[in-house]
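Below is one structure, written out as structure tokens, with a few remarks after it.
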Amino acid sequence: QTTLETVQNRGELICGSNTGQAGFGAPDANGVWQGFDVGFCRALAAAVLNDPNAVTFVPLTSQTRFSALASSEVDVLARNTTWTFVRDVDLNLTFVGTNYYDGQGFMVTRDLGVSSALELDGATVCIETGTTTELNLADYFRVNNMSYEPVPVDTAAEAQQQYLAGACDVYTTDVSALASSRAAFAEPGDHAILPEVISKEPLGPVVRHGDDQWADIVQWTLFALIAAEELGVTSANVEELKAGSNNPEINRLLGVEGGFGEMFGLDNEWAARAIAAVGNYGELFASTIGDQTPIGLARGLNAQWTQGGLLYAPPFR
Amino acid sequence: MSDTHAQTVAFVRNEMIAPSDPPAREAGAVKWLRENLFSGVLNTFLTVVSLLIVWYALAAIGPWLLNSVWTAGSLAECRAILDGTSGACFSVITDRWHQLLFGFYPPQHYWRPVLALALLFAALAPVLFTALPRKLLLFTAIYPFVAYHLLWGGSVWFPVSVALGFVAGILAYLIVARVSTLIAVFAAILAPVFWWTFAAGAFDQTMSGILPLGLEFVRSDRFGGFLISLIIGISGISLSLPIGILLALGRQSDMVFLKSVCVVVIEFIRGVPLITLLFTASLLLNYFLPPGSAFDLILRVIIMVTLFASAYMAEVIRGGLAALPKGQYEAADALGLNYWKAQRLIIMPQALKISIPGIVNTFIGLFKDTTLVVFIGLLDPIGLSNAIRADTNWNGIYWELFIFIAALFFIFCFGMSRYSMYLERKLKTDHR
Amino acid sequence: MTEIQLDPGIDREIDTSAMKVTDEVAIQITAMNKWYGSFHVLRDINMTVNRGERIVICGPSGSGKSTLIRCINRLEEHQAGQIIVDGTELTGDLKNIDKVRSEVGMVFQHFNLFPHLTILENCTLAPIWVRKVPKREAEETAMHFLEKVKIPEQALKYPGQLSGGQQQRVAIARSLCMKPRIMLFDEPTSALDPEMIKEVLDTMIALAEEGMTMLCVTHEMGFAQAVANRVIFMDQGQIVEQNKPREFFNNPQSDRTKLFLSQILGH
Amino acid sequence: MTEIQLDPGIDREIDTSAMKVTDEVAIQITAMNKWYGSFHVLRDINMTVNRGERIVICGPSGSGKSTLIRCINRLEEHQAGQIIVDGTELTGDLKNIDKVRSEVGMVFQHFNLFPHLTILENCTLAPIWVRKVPKREAEETAMHFLEKVKIPEQALKYPGQLSGGQQQRVAIARSLCMKPRIMLFDEPTSALDPEMIKEVLDTMIALAEEGMTMLCVTHEMGFAQAVANRVIFMDQGQIVEQNKPREFFNNPQSDRTKLFLSQILGH
Amino acid sequence: MLLYDQRYRSITIQIFALFLLMLGAAWLIDNVINNLRLLGRTFSFNFLWQSAGYDINQRPIEYNSQMTHGRAALVGFLNTIILAIMGCALATILGVLAGVLRLSSNWIVSRLVTIYVEIFRNIPTLIWILIFGAVMAESMPAPSTFRGDDPASSMLFDAIAITNRGVYIPAIMFTTELGVLPLGPISPSWNWVLILAVLVAGVFANKYLIAHATRVQNATGIRPKTWWKSILVLFGPVILIFIGLGAYLEYPELRGFNFAGGTHLRNSFLAMWLGLGIYTGAFIAEIVRGGILAISKGQTEAAFALGLQPGKTMRLVILPQALRVIIPPLISQYLNLTKNTSLGLAVGYMDLRSTLGGITINQTGRELEGMLLLMAVYLAISLTISGLMNVYNSRVKLKER
């Protein structure tokens, strides 16, 4: 049985998510999951099942995420997971793309008077354990011949707490998460994110190795959101454009022409539904982590290639 | 004054002396103080030190507690209200207590877990108080299914069809037992297995088709907070009881092989930390099951916790068994009762009664240990406190959550331990 | 040697009318041997008990008396020889064992009542679960036997609330409820205070009067003289001497028996 | 009133040659009062015990007998009056208490042997650590007294392996090893089975024959009659009557005494 | 039929059970093999020899991120052991103290201790660990407050700095280093091996001293005073060695972001140590109290009546008996504490669970192998402890009839 069949029979998508990272994936006060990664899952559910709410979110710690995926507990993992060689090859996972280009950075309090990560020799650093951050950190300090005192912490909330209490000088994690943490602080202005970005952290949805059809669906749902932004398709105008437009690529994307959806076992309106559910990439970004939200992230690397960013969806053709 | 002396041996008291009060320094508050607080240098020193400790503790925590805020909507608001003075911000509790207790369980259905808990006491009553009519045990037997349905909801026919499996087992046993008890045991095991694998699903579906009854379904991922601790703790302890009994019997048996298997199982489980078993549940269990048979994490945790508790339970029950005189076994034998009947009618009722305090203690320990599920991503009270702190409104709050959670656990565990002491005393003065 | 006067502790005439010994064999033990590990407890026991016989077994402590009667209902396993009870040979066969056990009642030194059950439940438990008698009927039988042992009014109490003598009588009633054809007693009075011994002996005598086949390990020589057909003396795991009570007490043959009797009657 | 016949439980002549009462005062208690909380347990006790006297104290349960003799070696503190033992007054002074305790032996109802030590070690512990006697010597003394109480062969066993009577005799030997000049007994036989009572009484009588000063709380009236110089009857914390045993038993003066004696001897 | 004969029944049942067991085991193993194949994984412990890549803050032996996962696991294991030993020591001290004080006649002391015992026993240890972690991190001054001419916080005795990053205490250093003892992965320095050896020798010498005192006492009845000799024998040689090796104290001082020098007791360690120690201490207090209460009042009275002073009564009569009652449950508390060290991750303590069972599993994805190894190690520790307990139990069992 393919994953697609399983999901369709179940009538529900099971999506592995973070145990709680504001902006990316966390339950709100009513227990409804919200966030950027969560939005992607909803788009996927809309595409596959025609119901953006037919998703169960399984909160996974950084320790449990890969085995949960490997053992079919979840259909897809959308939990700010870095795409690395070992994970892709040795753990037999398939990273379908990047929905957020990130990099590891450092946050310090301004009164520390530090303006570069290279001044951090001897500092105490809070890190979340079990992530690539830990390895990057070790490498960075080693390469620059600096010493440091790691304070490993289990969850992001805990790490922030330690950092705010002054139990560590530096908090390091992906810049996006740093920004989202800082946004939640009482005095965001007192904290500075250092300019150095010490690693590449392409974050993206992951599926199991071996089911190419499912991988394609997940992959192209992501591309559909990205392409929609590039082509100017939004949740507001998607219904209208579905009637047909004179841009053949939009037509192919929205299933007016080409019959693409049927090629991988869905109907042709899959992408239209996904876009209708959460908006295009830009809308999703803006509503969850963009600069109008408390998280306040700029598009940066995550702008369309046409805007000088890295987002580049292959052509729908 | 009458001296009774060897030389004037005979003495008779004609008037009895009435009791009098002790000398002043031997009575009242003075004596109490002298004896209990200031008898000797060391004691006086200890008293002073204790008073100092109490004073410092009160001075440190008292104002903070007294000056607490209960109505703010966020930590920032709290700070604004407190305006720089030290004070607790218990508003987080007023804001989120329902999550700490029920997780994300739909609020309009809170009555369901509450009712399930209330019914639990009703179900326990006939077990604990032998004076109650034995018929009530029937309710105890169906309680798990009732509780399941109350908590999770969905079609009533699902728990019913599962329960029918057990009924099938019992029926099969009763019918075949006329021929041979041994075959009957097999029948009792096979019948429910057959029922569950072949008939239960169909039964569930047809009945739901004919008569769609049931409460609204609540998914496992909505469960959290104290509710999840209770579910895991209670199902762990009650499921572990039968397994524990079997392990204890195995360990007591004179069949060398069975005995060593039981010993290995018990010692293995007791030898590794619970957290490794929980990790096994969340990471490894899927390796040991046929491909594609992933199931609910709560269920997996309950299975592991049950195994864990079984080993401890087995040791508790073994203690109860060892306390029974050998004569009870012999009398049962001499009356012609076979092994299982003797166990059921004679040995277990007595051994379990002796073990009740131990069982309660195991339960308290297990209940406290349910907090470890936070490590595998379940939202127990501690997990939820992390989630609450991740919220922008409450980012930075600490003590108030800990105090609330700790108080919940304390009330529950302390109550249980007092109850077990009471039981212990009661059982001691019981006949014989 | 002067005639020994035993105080039978019995203050009424014993009605021997029903105490007939038949020719039917109830228990047949042939060349039976038993070891505990390498310790030879019972050595070459040969013994036949006819239906209706009342046999008293005595002997010094550790001589194997208890072991012998416990072999008869297979509370202990024997390793050589044959034990046939009521036509059923005791081998490993569980069916046979169950059959023998439901025919043979046993009363222990320490009563071994079930403390968590009432007197009545103690008495009905085995009939209901082993004999599959309906509850009502079992209770009637139980009350019948409780009346026989003269404590019907205690039926709803728990064993812990009874005196030792009463408990032992309940134990006897409990055995009788299974309607056994043979009763085994293992020092039924030795854990009792003197006043209570009489109660229990009375009960046992009443049983004898009804013609029950009885094997009784006891040192109550008055009882032996009053009701036994035969007294068996054991020492070091062997049957050393057996005889009619009168002969046995007044004219013991073996030196060991003499020594034993002088000790037991002397004090 | 007819002469009361008490079975002394003693089957030999008692040798009274050494049982001399001297004029020396061993214990002097004057106007002693004791309260437990506000409960007045001992009321105005006056009593003198001469060296060599053997005194039996009896009285109903709760009358303060145990409390009285426990005051004598300061296991309980008295709140008013004076207790002088062997010339040493018992006050809060720890030196005095130690002195008195090493002169006064005490035997308890429940033996209170030290279960983790062998019999011999039980007997040598105090001599070695309190009297600072070399071990060898302490062991010789211990064996001497163990022989006296007739259980030298048990010296290397542990208390748990002995019967009650044997344990109580060890307890007596243990006290004697400290070579006390006064012995206190608090119902030494009341936790024992009848056969064992005799063993212990024998030992106590032997002690009396050697002229030990003894205060004994007991209800063994045979013992009282055989060896006591004086019987003291207590009730409600007071000494109600005292007299020579013969007089005391046959001609009690107070009503309470009469009542008590009728109860204790009646059954 | 075999099942109906007493003699063969048990063998039949057991063979049947064996059969079922093997069937079950085969099923599980088959599943594992299938699953591994489906996931394209192998079962191998090779990852232990790959470079770990992560740093560990508390390193009892030399370690850096370039060393292997196996080495990291070893560091974690040593951290587990350190925590377990320190925790047991703290729990024992607290427990004995609290157990004795709870029996004290002093009303307020016994009440206070009761409150301590009940509060700690009835709240999960994980919460305590988190609370202690929070106390350390939230309520202690930051290192920066020690800075400046008029610092907001200052060091205790100029030697101990209590900060929100842990406690810095002076460390013992030597001017003379004797090199390291080459013992495979754990290579202790000769200095400390020597000191340990002298300490052990001191203990034995003290034993001899006490035995000698007993001999003298046996012969003359007078026990020579030994306490000052004991102190001399126990500590004298060690102090000499320290002097000989040129031991000096290295005080922590503020340097850069943090204190440097001295020994750093990290928050994670302190939270675990205090959390586990105080929590387990409450249980031990109950055990000690129960043990002392179990020794009946009669024993004390009998000893008093024999003229033994309270001190000697305690030493010769009460303690030897109480210990027999106390030690078995005490050891099972030690076992519990040792198993509870696996909660270290909650506050970031790098024990075996956090290294091998946490980061390593996470980085390599070898959860099956890692978990099995982890369980095996804990099992080995537990069995060792309970084995020792059984030996002890059989040795001190009271002889009964």
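In this document, chain identifiers A, B, C, D and E correspond to the written order of the chains, with residue numbering beginning at 1 in each.
Here is the rule we use: a residue touches a chain if its C-beta (ideal position, glycine included) is under 8 Å from a C-beta of that chain, and two chains touch if they have at least 3 such contacts.
These numbers were taken from a predicted model, which means no experiment stands behind them.
Sorting all chain pairs by how many C-beta pairs they have in contact places B-E at the top. Ranked by how far their CA centres sit from the centre of chain A, the chains are topped by D.
Of all chains shown, the one whose average CA position lies nearest the global CA mean is B. One copy, chain C, sits rotated relative to the other, chain D; on C-alpha atoms the angle is 160 degrees to the nearest 5.
Each chain gets a centre from the mean of its Cα atoms; for chain A and chain D, those two points are 89 Å apart.
Between chain C and chain E, the centres computed from C-alpha atoms are 60 Å apart. Computed from the mean C-alpha positions, the centre of chain A lies at a distance of 41 Å from the centre of chain B. For the pair chain C and chain D, the distance between mean C-alpha positions equals 47 Å. Of all residues in chain A, those touching 2 or more other chains are 63, 67, 70-71, 161, listed in ascending order.
Taken residue by residue, chain B touches two or more other chains at 283-284, 286-287, 291, 375, 398, whereas all remaining positions touch fewer. Here the touching chains pair up as A-B, A-E, B-C, B-D, B-E, C-E, D-E. Per the touch definition, chain B reaches chain E in the complex via residues 35-37, 39, 43, 46-47, 50-51, 53-54, 182, 254-258, 261, 267-268, 270-276, 279-280, 283-284, 286-291, 364, 368-369, 371-372, 374-375, 382, 398-399, 402, 405-406, 409-410, 413-414, 417. Against chain A, in their complex, chain B makes its touches with residues 75-76, 79, 96, 99, 103-104, 219, 221-222, 282-284, 286-287, 291-292, 294, 297, 375-377, 379, 383, 386-387, 389-392, 395-396, 398. Contact residues of chain D toward chain B in the complex are 21, 31, 33, 35, 37-40, 43-44, 46-50, 53, 79-80, 229-230, 232, 235-244, 247, 253-254. Of all the residues in chain E, the ones that touch chain B in their complex are 3, 10, 13-14, 17-18, 21, 28, 31-32, 34-36, 38, 101, 104-109, 112, 118-119, 121-127, 130-131, 134, 138, 339-340, 342-343, 345-346, 353, 357, 361, 367-368, 371, 374-375, 378-379, 382-383, 386. On chain B, the positions that touch chain D within their shared complex are 1-6, 9-14, 16-17, 19-23, 26-27.
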